[in-house]
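This report concerns only the one structure given below.
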Amino acid sequence: MTSIKLKLKESEVQQLKEVARSFDNKPGELINVLHKAQEIFGYLPAEVQEVVASELNVSVAKVYGVVTFYSFFTMLPRGRYPISICTGTACYVRGAEKVLDEFKRLLKVPVGETTADGKFSITCLRCVGACGLAPVVMVGDKTYGRVTTDGVKGILKEYEDEV
Amino acid sequence: MNAQDLQDEVQVVTTGCFGFCEKGPIVKVIPDNTFYVSVEPGDAGEIIAEHAIKGRRVDRLLYVDPTNKQQIADSRGMGFYKKQIRIALRNCGLIDPENIDEYLAADGYEAMGRVFAEMSPEEAIQEMIDSGLRGRGGGGFPAGIKWQIASKVEADQKYVVCNADEGDPGAFMDRSILEGDPHSVLEAMVINGYCIGATKGLIYIRAEYPLAINRLKIAIGQARDYGLLGKDILGSGFDFDVEIRYGAGAFVCGEETALIHSMEGERGEPTFKPPFPAQSGYLGKPTNVNNVETFANVPVIFNKGAKWFAGIGTEKSKGTKVFALAGKINNVGLIEVPMGITLREVIFEIGGGIKDGKKFKAVQTGGPSGGCLTEKHLDTPIDFDNLLSAGSMMGSGGMIVMDEDDCMVAVAKFYLDFTVEESCGKCSPCRIGNKRLYELLDNITKGQADKEDLENMRNLCGVIRDSSLCGLGQTSPNPVLSTMDNFMDEYIAHVEEDRCPSGVCKDLIRYEIIPENCVGCTACARNCPVNCIAGERKQLHVIDQSLCIKCNACFEKCKFNAVAII
Amino acid sequence: MADLKKMKGELQSKIALREKSDKPEGRVQVKVAMATCGIASGAKEVMEYMVDEMDKRNIDAIVTQTGCMGYCYAEPTIEVNLPGHEPLVFGYVDIKKADEIIEKYIRNQELVEGIIPMNYQTIEKNK
Amino acid sequence: MELIKINIDNRTVEVEKGTTIFHAAKKLGIDIPTLCYMNLGDLNIEHKPGGCRVCVVEVEGRRNLAPACATECYDGMVVHSHSMRVLNARKTVLELILSDHPFDCLICAKSGTCDLQNMAIKMGVRSIPFQGEKSTYKPDFSPAIIREMDKCIMCRRCETMCNDFQTVGVLSGIHRGFESVVAPAFERDLDHSECTYCGQCVAVCPTGALTEVDHTTQLIRDLADPAKKVVVQTAPAVRAALGEAFGMEPGTLVTGKMVAALRRLGFDYVFDTDFAADLTIMEEGTELLDRLTRFLDGDKEVKLPMLTSCCPGWVNFFEYHFPDMRDIPSTARSPQQMFGAIAKTYFADQIETKRDEMVVVSVMPCVAKKYECTREEFKVDDNPDVDYSISTRELAMLIKRSNMDFASLPDEEFDMPMGESTGAAVIFGTTGGVIEAAVRTAYELHTGKTLEKIDFEQLRGIKGTRSASVDFDGVEIKIGIAHGLGQARKLLDDIKAGKSQYHAIEIMACPGGCVGGGGQPLHHGNPEIIKARQKAIYQEDAGKPIRKSHENPSIIKLYDEFLGKPMSEKAHHLLHTHYFDKKRKDVLLD
């Protein structure tokens, strides 16, 4: 897994330390702390993991082992409009794969990556539990149900004008 | 109606599917709920004349109960409406989940009060055992026995864990319960704590369920404010409180030992059992793990009695089961049916049949751990043991319906893709075996496999099932084995004829234009993303096979059935 | 084991509470299914609309949220409970439909299209 | 203890309740194969992830196969360890593992000592019915350890050694499913991690995924170079384990044959690290006495307890994890480095050889020593005191490569002067040995009396942490001993908290000390092998004519002719060192 080189600001380090403290710096709270950290930074770059490791007194390797185990955690920054395509069974049998292919084709990025302008990123989700609306696509917090390949362009268009 | 000048008094409205398609068309007259079945246009006049004007029922068109041959007029008395019984979902869609008062008004926390006042932990556990409730998370282990084991282990601290890491793709029962009736789970956890001597409860919930998390938090806060959680609950001297822990996107964490490791901040890798969590679980302490739906049944068992509960369902599977009905079915939704109902009733009556009038092919139950059941299983009563012997399993309750357009090899591959991605990697058969199984399936869908590979695959399935560490690996070959058992012809077509009978596997199909049907509208050519369709307006179009990426766009666009999948 | 007396007191206050929260006769009650699929298909907007419009149109109504009703294929769904009538569930409710339901069904008890028949029994009925 | 009866392959055996099928079968002489199970016995490390699934057996009445390593027996249990079903599953699982493993056995460093290879031979695998994607990783070459994770089978033994036994925490399982592998954080190279190079991961790795850096080619080239004087030193633990590489029983002492072999390999001088061990005692013992005397005189500044410093894994450990305590260990260099410093000065002068014409090679039971040689502070004008270090395994390989029949070699003696040593030096090879050697000398120097009994039994043993007191003529000296860095961490935490009661503490990174080192013939986590080597070390000590370091005539001569006295300025310059703060402060990625 590659990572982005970035230097944490002192205030950000303090913020992380505060998060760890709010969980009593307990090693068992690692996953909760990582959730919070990802909420703050949007992703979990190496240096965030280093700070978390030292605050909870666990090894960095262990933190990395946990981060890479769970698909909810990401070490890559997501686009401003993260697109998540549900590939759960219900969505699959109702054509999610074709919808996904259409997104990949239009944005010219593979799953898990972000467009060069940092605007969109594509990820796959396992069932958001809205199977009645299959296939389902989420852009940020907004959910689109019963998406067709034709509808993909329209969804992207909604975000096109925003700078 | 208009002809009879009744438009002001009688309204004709279309409604959603009544879920009773075998007897359609159906007409229901409100306010008296009279339900007419198999109505033909000629009958409509009679209904209007007799029922709407004179207030007399047209007996001829009433539904006849198949068991006692009596005509039933009121739809609520009809057998079909008895098919669903809402126990776990009793409050979902009825009460405001963010208002504890509504739960209290619906007998909420009464079971807890009753247990505290009238029962010893042993008696309460006995009640659970007598109810016959089996774990709804998939395995079907008797919940009461589980509680009993945990209660008998001596420890200074014990834990109650609610498994809300619903990970089966296509399943959303637990989410719906937590979003619709969070207190029922909290109440059950307190009862569980009282029974086994635990004072701490943990709910392990997927981070992907923000709404459920939020409603749980509200519910916990309200229950604390009302003294229904915390110290000395209802003056019983019993303390119990609940915390929320978050999953982070790992299906394997539905396995209880993996779930416990995840709650401890570790990689969610399962460990060999024994020791069972009841002996050594969270932080090494005795821990009882049940899933959301199991807990949601508990208050009802104490309110209505074990006997009442055990009166529902089959001999070995008591009560009801919630299913998330999805896929190629008309009434996609959440249903709760008594154990013992048949798949036919679920799919064709409650589910309203197959979408777009297509032919039913298979229904997948139990998610990636389950199997595909077919026509021949439609009349099998659904319970834990029957599904197992049919080569599938109850699982947590996902039910995905497939029609004639679904390729069963591709479906098996889809599930294996899921398993490969979700395998934790700890044991070799699951880590490498499932990968190889996926690759074999992939080869089949590409026409690169032969009959020998099928045998190889069957052996591999057996070994993965026989020697994997946890439930995930032990059940992962089920989608392959059940499709091989039931749809061997499709496998054979792929390996021997390089043909995908359902026209799904891209490498085995090609798109061709049928000259007789093509009118030269250019719709296909204009929508082809790789411009591989040539042809002038009003001329026959031709697809360049060497460039075609099989995106299906031409097929979808053609209004004249001139594009065929061969 | 438990202090039964105190326990009883608690239960009594519970019942008082229940009476208070029981639905007052004569008021319209609207429940909006606000589970994830409902919200994803627009239940939140419908709920807000309902709350605002009931107020604006001077209809004495309680609009509450509730969990999944199980009719995922027809989301958003709402249940309308008119005094003296059986509760009715409507599916595919958007703002336009909501307006129609208020004007026709709630005001004038006229049925509108999109009724979903209730298809289960409650535990009370199953004695 | 409750006894239960179980039946395996139609034979009954009585075992204690709680025994696993694996151990019950052992009692019947049935060797159920495994690739992941590991039990360090007395060191309280039992690794039974139940992951490889090669040990599966059939238990009557059970739905699926049971892993023998993790399944406990119950009374009346009936087990089949080689039924058709078991053999098919075992072979299929092995084929699966092999399907994700390179087929370069012929050129693999582990060939011949590889558990996976042996298993394939045993199971008669002749073809792999599964083709598909193979895991590929960038190989990682550190100064001491090579990681080729293409060969990893996810037994996770290394992870257990690194985390549970050593508490170093460099390795962790990462990713999941088919992508999962064991790696340092962010898949960085070991060189950019806090790896101490203790080599225990290498010692337990069943395949060629973890091996040591190979210096044999370099050595052959140097031996062939007539312009170079090649000097070899061999660590005490090597002689107690080298024989195993030639099929001898663990614990066979092969000192004389080893010397003969080294001489035949072409070394110009065959010396003994034991000589330097005696020198270490002179310096470290004097330092301890100095600190003790000052402490007893009321000096509040003096740092006690004093920690030993001869183990390079341990030195790395405290530089990374306890840098604020780096003034506590003795400043004495390790015997390997003392040897190099003296060889390239005192001895080089004697044979009138220039520094850059001399190659000092060490044979070590250790992989961290390879790293220690490369430390900047042990170089003069970029020329290292010890040029490089080879492991016991590499020496065995060289001997085989040079067509020698090791067993029939005569016993020969080390060269003089740096081949002369005492019994005190030999026991450096085992846990408790360094401190016992130090006590022998410090006692006599402090009290001026001769020890009546040289053996300090209270310092010996295999328990992870031990403590003992020695009466220094009325002054009670409290001594702590730890082997395994996890045990060391506990003692360091106590010191940090001001709770330590010790005056001196000996720490060795490896289980059993150097006898269980990462460079030895693989112990595979078998504690019996380690204990046998330990016994051999004490046997060598008992047989030595001189058993106290300060009585070594060559050492006495060295001080007379060259160093002056212990802790002299010259001694300081050549035989002492300083430590660095290596805690990662910079969280920036490189």
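So that you can tell them apart, the chains are marked A, B, C and D in the order they are listed, and the count of residues begins at 1 in each.
Rule of thumb we're sticking to: contacts are C-beta pairs under 8 Å (C-beta built on N, C-alpha and C of every residue); 3 or more make two chains touch, one makes a residue touch a chain.
Nothing here was measured: the structure is a model prediction, and the numbers come from that model.
Shared contacts of subunit A and subunit B, meaning chains that touch the two of them, come down to C, D. For subunit B, the chain with the farthest CA centroid is D.
Overall, the chain located most centrally, as judged by its C-alpha mean against the mean of all protein C-alpha atoms, is A. Of all chain pairs, the one linked by the largest number of contacting C-beta pairs is B-C.
Averaging C-alpha coordinates per chain places the centre of subunit C 72 Å away from that of subunit D.
For the pair subunit A and subunit C, the distance between mean C-alpha positions equals 36 Å.
Work out the mean CA point of subunit B and of subunit D, and you get 55 Å between them.
Subunit A and subunit D have centres, each the mean of its CA atoms, that are 44 Å apart.
Multi-chain contact residues of subunit C (touching two or more other chains) are listed as 36-37, 39, 71-74.
Looking at subunit B, residues 172, 175-176, 209, 250, 267, 326, 332-333, 421, 424 sit in touch with two or more other chains. Residue positions of subunit A with contacts to 2 or more other chains are 58, 65, 69, 128-132. Screening every pair of chains for touch gives A-B, A-C, A-D, B-C, B-D. Taken together, the subunit A residues at the contact with subunit B in this complex read 26-32, 34-35, 56, 58, 65-66, 69-73, 87-90, 92-94, 98, 101, 105, 125-132, 134, 149.
Here subunit C touches subunit B in the complex through residues 1-4, 6-7, 10-11, 14, 17-18, 20-22, 31, 33-37, 39, 64-74, 79, 85-86, 91, 110-123, 126, going by the rule given at the top. Against subunit A, the residues of subunit D that register as touching in their complex are 163, 168-176, 183-187, 193, 584, 587-589.
Those residues of subunit C whose C-beta lies close enough to touch subunit A in the complex are 36-37, 39-41, 71-75. If you check the complex, the residues on subunit A that touch subunit C are 128-133, 136, 143, 145.
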